[in-house]
């Protein structure tokens, strides 16, 4: 059993030779980012996510009249929905064992890798272009005493330097919109062993609607990202030996999260209306894709 | 509103200029086919399907001690599961109106088109390479008094001669394994309007497992078909502007149908064990793919 | 000599069967659009453009102290730069004769087709998804008494219905960002005769920089467009028998236009800073591509 | 002169990390296989083949009245035809010298490599997924005292670990139907030097006929293989810098072998009729392809 | 049975709208060409070919001492070899009946179509870019009284306007080097019915050797042609549903023709040495490819 | 800062394992080549180029009546034009620093690398298939005392063995016609860092005209090269992440060079008329392409 993959770089604190100035701007954004919606939710149980929630909301939290308590209950409810999303993703990673290794591409502050480790006991390598996020996540893993199995690396997910075929599963949780899918899926296909599992949850623009709507462009401007059309996921997977086995439109399931968040004055970032409008006018979708490396 | 598409051939009784000797052998098979599992089930409500069922079975039908009644109850239960499959497919055709037109590729004895018409009131054009099936299906439609909206044609689904862009939805219910997917999806993409919906339920071999297992080959030999790998569906869709929006592995859901059918002495065809073994050893999958024409 | 191409639709006032809801939103935008920067500039000489200018500006217009006169002189100067761009494009259309026919894809209020007709005496067919623009442009052509040679059509540039091989030249002047390039270039390649010339001036995002920058996304949101990476132009041309013969980076040449426009209070639309920042940080380029249909 | 290629694994007895469960089932089949038609024929001269014969048969062997002698003579005649096939393949390997190295992909019990070594004196590396076959073949080479030049490896032919560009020639003798051709030809193209020669003799289904016939599927089921259409060979070669220079339809030439084998009660495996029917109805072909690595 | 295909142009005397200036230069060449090696050989039996011969030569013709008789015998012998080539090509056209229609792409003075008609009684449509060749060939057919079945058209072989799927067989006899193979094979694939046969005999440069040798370029300069690499044939066929079934290197077989022609002072054109050197140094090949339209 | 890339071969004097016999013939040509037009021009200032010139000529050099002086002045003027071409190429290499490394593919006698080093102070690696050229060029660099930064290697430009991503810029100055562009651009893309710059000046045949004209073939025969169509450059760049940013037709600019050279009796090689005719009849173009590695 391999417990640590052979990699060409051994320190995670070294700066990433980022491929582009665009990626530098993304790294700057995330190095500086301290949105309460990410930090406050993570504080609840130490699982810091950077994604959105799914499932029906408990709207009663809005009825709470005490302002502080209302904030607390809304925060908790949003975190519950967010955690449900992370669990949904993790539930599709296949039958992993503690000896298996997983790759978390665009790990942010690290919540997803912890969720996978808690569920399967597996090794996890998270990668983020933000040095600050990698440090934060490693510190979290250390405090949880899983630092021997869960590690975060300050690297480029398109060019990880990790060992070919060493991973049983890998995923992107809302991090595909920062990179070219052709390069991304080539790297996942290289890292995964034959029969390995790839999962992504992502916002994509709906090419049934047409090109990107104004709302999609506003979201892109907000996060400095570049949301792909749905078609591009399937085209790039087909070109990289990743074969879908489960695809689910989570658009309806994520709307409650956004409706609730919109009413959380202490957490809103201003992009909530763009998401809600885009989901409702059909130009944007929240999609789960589960694929096998063949 | 177009009620009848412009087509280059107007009689359905004329022989199809089939493209290949292989297709002739398939047509011969279906012209001769009179399996009780297809005919007996269809007699129940006049909906003749040529596919398999999904959902949990009512196993109590096997407890029936009267042989004739047992046969009747098993037949009815299998038909119920089969009908559930047809309804699942139809439920994914999108928001159709009575003015819309749908294309049923490989319609067999016609059940699927009737199901769609009952649900949406839409026009339907079914196509089969078997003249006998087309006649049978048209007769059924006539008796149901939907012959003005539901028509079956003795044609090649790869080259229908139907009008470009005239269809709001189309599907293959277990009929993709008789044709090249590249040609098939090109024809669907041509017939569907922008934003139209394509649905297929199909058995595919699982290229996570590898190449076709012995059981898959036995199924091919039984039906004179050529089951495709799962990957080929997504590759050929990507090449023909069909973008998946929902993919569901129905393997677990179809096993009860096969377990029950295996115990129905009056209906078995001898291929039941190959299906059950293939589903259980992971070499074969029963898959639903829903895609948009973009 | 063919003076009018055979087309499948003969009235230009009929609504376009637009392919997508996205295109509907674009049509709505342009049907409603009445930006002074487009209307005021066009009034000067009846050449209504919807694009940007190139070349060094006469900055002395800003020194004019009389407010009305200053506005007038700034407007005239911007129009001069804008017209220089249109002339640059037209100068690359090849050696056209009065018998030749050209296709103006995304013609807006029609200025480009007039410019081509004035220069070469050729026939021109302009296409716009906005009925209002088509009407406006046809009225302009009528008043200039070139209505017999220059016609504007309310159609989809991806699916014009015009005659195959009937055009000696065609172009997109800042209108490629509303459509898929693969479909667009397929239509140009179909319409152009062998040896015909295609020209585009366009903003593209610079994939040397990486993915789309925040500024590029803000421009997308402003115009409801979807700016393509530079690479996509060359990929899609290569796939459609359009071979570049001249490529020129006009970024430096267009900056004076934007600097001047930014100071024109009566004309600014609010997007000026995004353009200037994007051009200067290297994430965006203003590009001329001239290609031959082979 | 390199006499032994650098490889990443040095022992041939280690288990192959097979890529798929399918390949495991194939290895199991061949580890267990002890068909007289393979073993009895090989005993004659120690050249163990796993393929079929070509050329006109000496039908007089059937006239032998002594049962034991008849068996012996039929066995010898089948071996003669089988050997003629191996010699035909070897004759197309190009002008090899004793210093050259050849790669035998899917070597079975090793006959083909010996034939090549006898003809050219060259080095040979055979690869089989069956450990038992590799051991058997190495033992044979040792007894023939060519163990220094002819070696058999228990490896996956899709991923040999052999040295890039080290081979002057390579082949598959009836072993392509167990693997994806795209992966197979990529490996051959990697191993062959520029100008190297690739040869295959294979059964393929004839896509002039259409999809796989029932007989082809029965052959697949018999051997747990997955016979490719003829078109796929040429498509995958074109994608991997293998350019055909000689293609020969051996269907007629192999029929005598099958007619004779069908009458050899001591050797028949039960699949003979499927082969004969498939060859005669035009759905199946026995094909020789000779190609250059460019 | 269709005896005449529907075509979009009905007169063959109209000038071809040639696609390129290059094709004009080729047409000029052939309109002016009056090489004795083509005309003198054709006079023997009225079968005018524009290709080379195959097979062993009767060298005794060179021993003839009477100069006139020697010329006559050499001419006859070269024609015999040339005719053998035409017969070899025709022998691979499949099992044609008098009701079938064949397409002769680049028919020159028409010999090949006559050969096919004599052998199978089939209809033939020859196409040449040279009006003079078309006229000459039609006059020949008229004199042979096969003008009702064999017709020559002054058209572009890349864009014949003939009916889709109307042809049972088609070929290029040394005429592929004047056109892009991608466009050529697309047209053949369009014209041939499913299962139809395509044959070409052609000189190609051998990409095993590398790029075009000096001799290949001299041949190109002599004929104003553009000899393709061997690889391009197989790539373009694979992209156009043409699947090889027989490929034969005729290089050795054509050398006697060239050796003899080189010694025929009354027939040499000056290019003989380039051919012989190119064939012998391995940079050039004379190739037969037989493929099925699938 | 890396001053020397890691390469797999350390001596430049070792013979290149050339990939093909064609390349051997090219190496032989250049090992033997001693054309005055290359040697005499280089002697002027020690910058030996193997390409053509651009810009208006000083025709007064032809008026010189003293024969020796006339030769000297013509030689100097041609060198001036030739040097202007090298400077134009070098001016497009991007903003290089002395720490950067550039790759000169097909460096000939080395002039281009020196020009780049003089302009930017950068490191340069030139590669030529001719050992004699490499030695000559290294000797030149040594004499100029830049041997520590400018090195020439006797290697195959398709397979340099240089370090991946180590180069800030690279180019081919009239050396692309000796190789397959697909392989060439793959190697450039591998060697260039993200954002690196590629430049080529090349003669290409104009596929607007059609296939290669007779004159283009004569040029091929003269140099044993294989001039590509213009389209192939853009297709192969698109497939290898090289995105054009500047394309310029230098045909008009190079004609003076050829007109002058044609009148230089001491320098003509006999190919001058073919160039002039080909440039003037539109079948040939002299093209500059500048592209970014993305």
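Letters A, B, C, D, E and F mark the chains in the order given here, with residues in each chain numbered from 1 onward.
Just so it is clear, contacts are C-beta pairs under 8 Å (C-beta built on N, C-alpha and C of every residue); 3 or more make two chains touch, one makes a residue touch a chain.
Given the structure is predicted, the values throughout are model-derived calculations rather than measurements.
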Selected pair, greater C-beta contact count between C-F and C-E: C-F
Gap in Å, rounded to a whole number, between the CA centres of subunit E and subunit B: 48
Inter-chain centre distance, subunit A versus subunit B - centres from mean C-alpha coordinates, in Å: 38
Junction residues of subunit E, two or more chains touched: 19-20, 195, 208
Which chain pairs touch, all of them: A-B, A-C, A-D, A-F, B-C, B-D, B-E, C-E, C-F, D-E, D-F, E-F
Contact footprint of subunit B on subunit A as seen in their complex: 195, 207-208, 230-231, 234-235, 237-238, 241, 243-249, 285, 287, 292, 294
Partner subunit F, residues of subunit D touching it in the complex: 194-195
Residue numbers on subunit A that touch subunit F, as the complex places them: 19-20
Subunit F - residues contacting subunit E, complex: 19-23, 25, 178-180, 208-214, 217-218, 220-221, 224-226, 281-283
